């Protein structure tokens, strides 16, 4: 059997209106012609490191083990911010050291982190404005070709981290979370994960029976009275709360745009309590 | 010669602003690492089953025989809507049973249709909100790997169908069609197909000499007096009628946006008659 | 070692909202199933030949030698405009003869140019509105398969050219350029290339010490007093001048959108002088 082509995923905010993402792919194919290059998401909001971090976290684990994930939302390009090569059990990440790997390292202890400094694996002429093309793409392609990450630079142990907002459970059993992401359908994703809810529910003195019928979810002055199992349980246009495909609680609207209905933004509070 | 990699095309409304389409590709590559994955169109208007059906129909036939077309515009995700595996002479389609295959089956009798129920080929944890990633992608990849579609579930004979609008020819020889699609250039595609026009023209008592110089095409209160052979026949900005690349009559404007000039929408009437 | 799959890049203004780019890829894979197809950029502004020419020029050279670049911004489709197959030292270009290769031929003498006329390599039914799918895609795929470009038609020596604006150096040492491209970050790219600046600087009676601290760059009534080495040298939101990744001088704003700050457009003047 033919050996499967190695996979590189691209996450960035370069978009598809210019030739930037295309040029990165060209560089990769020059060095690693058999690479299977996949856009994980190249339309992160410009310079939105948090949004990129969230998308990377939720999508990366669906790729084959051994995939190299190249995440370049990089407003600090050309500054002295580090470039990281971070290895988890299943993947290698290349990213600027600006917190874009925060969800990843929050979820899983890395096997090692290397500060990428060996310019042997960069393009010969490195611009100060486009490290995606001049550093990240060629380094990723060389890793795909078998270069040992340890050749890229020295190991480090501490990296930049975003302040990931955590839901807070009050002594009265009120759980307060917030919107951390709004997708292009207008589904508003909160930081309240299924796992954390299960943890609350399985604790002995559980005050919050989150999936029972006697709770309420408050957002933007509106109340939702249960957690649905599917969009289709609700009427068209009706707001609903549901654990989305990422495992986080989302406020959605059946066949409609919940963000527009609620007029909410990232950071807005979501409160869950017993009635 | 190396065996060509099998082709999977993706049509959906997940867009490119989130990680959804990326995650689907990751799942496919985990199961079928040699797959050649092509975006047929992943920017269908959110939940626009008709638009997705039209795009799928016009583009699918340009792909290699044996391609698996995965079409997931799926507002009913998580409801009890069926999931279909439909085989035509040259292609296999995976799609929710919501009419998105209407143009396909209108054009060609399927060889068989299967209701996909065998969760052996799904991801282990199926969400209720993202069957594209959890069901469609892995099933498509398994088909590429050689799984017999008959293993996916039972054959069925009846599927949901959209109400495809047909042009109407009055006894007086007036042909009334409507706009069924507007592309991103502002070209307005009608439901009047070249074939149906030829059928009219070749009938004995043909009252409508559609490509002759003495007809008029009325749309939004404007008259166009002939059917052009190319955009370039008209002056810049001038409205024109032309059989587009899909075979349907389009109202376009040379180097301009006909939709904006006419201020028309899907469903608006187009009337063709002798002067 | 497996022979690397041949690379085709696509540049066009078909966008990703319809099935047009998808259909082109289907056609390519029917003829050349091992092709590695990369979107160089398929979101050029509709019918913006100049913008397409610029993107093609800046990105094409990052692809592997031997890549076939298919550039179809083609407002004249269906007219008698020629179709070109142009060979440079490292690449083959397929494009309409409308100036889209202007930056390429301005930079490098082509090895040959062929007017593509041999319909043996077209799709059997060529529409008048979508030569990207019916002519460019199949011809490119046949070239990838080894068809000699000379079989496509006759050699020609003269092609259409855009009027590429050149910066002007006055006797007083004032250099006047203009904006030729604005990217999706709002960075405004001028026609003042690093090389031309170096040429000025290395001339004996050099009046313009462009990277010294005593120059000013004027754009839209604002003055910038030096050329930065990186975005990060400036404060957030501050305008800066920098040689971008394409080698041209750009007016940017650290973590902000310079186009919006300046309210400038393509063609607006940029003036560099000694203070």
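Each chain gets a letter, A, B and C, in the order it is written, and its residues are counted from 1.
Rule of thumb we're sticking to: a residue touches a chain if its C-beta (ideal position, glycine included) is under 8 Å from a C-beta of that chain, and two chains touch if they have at least 3 such contacts.
Because the structure is predicted, anything quoted here is derived from the model rather than measured.
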item	value
Chains contacting each of chain B and chain C, listed by label	A
Rotation angle superposing chain A onto its copy chain C by C-alpha atoms, nearest 5 degrees	120
Whole-Å gap separating chain A and chain B, where each centre is the average of the chain's CA atoms	32
Multi-chain contact sites of chain C, meaning residues that touch two or more partners	2, 16
Residues of chain C that touch chain A when the two form their complex	2, 4-5, 7, 9, 11, 16, 36, 38-43, 55-56, 58-60, 62-64, 67, 183-185, 229-233, 242-245, 250, 252, 255, 257
Parts of chain B lying in touch with chain A, wherever the complex brings them together	2, 14-27, 29-30, 33-34, 37, 46-47, 75-80, 127-130, 133-134
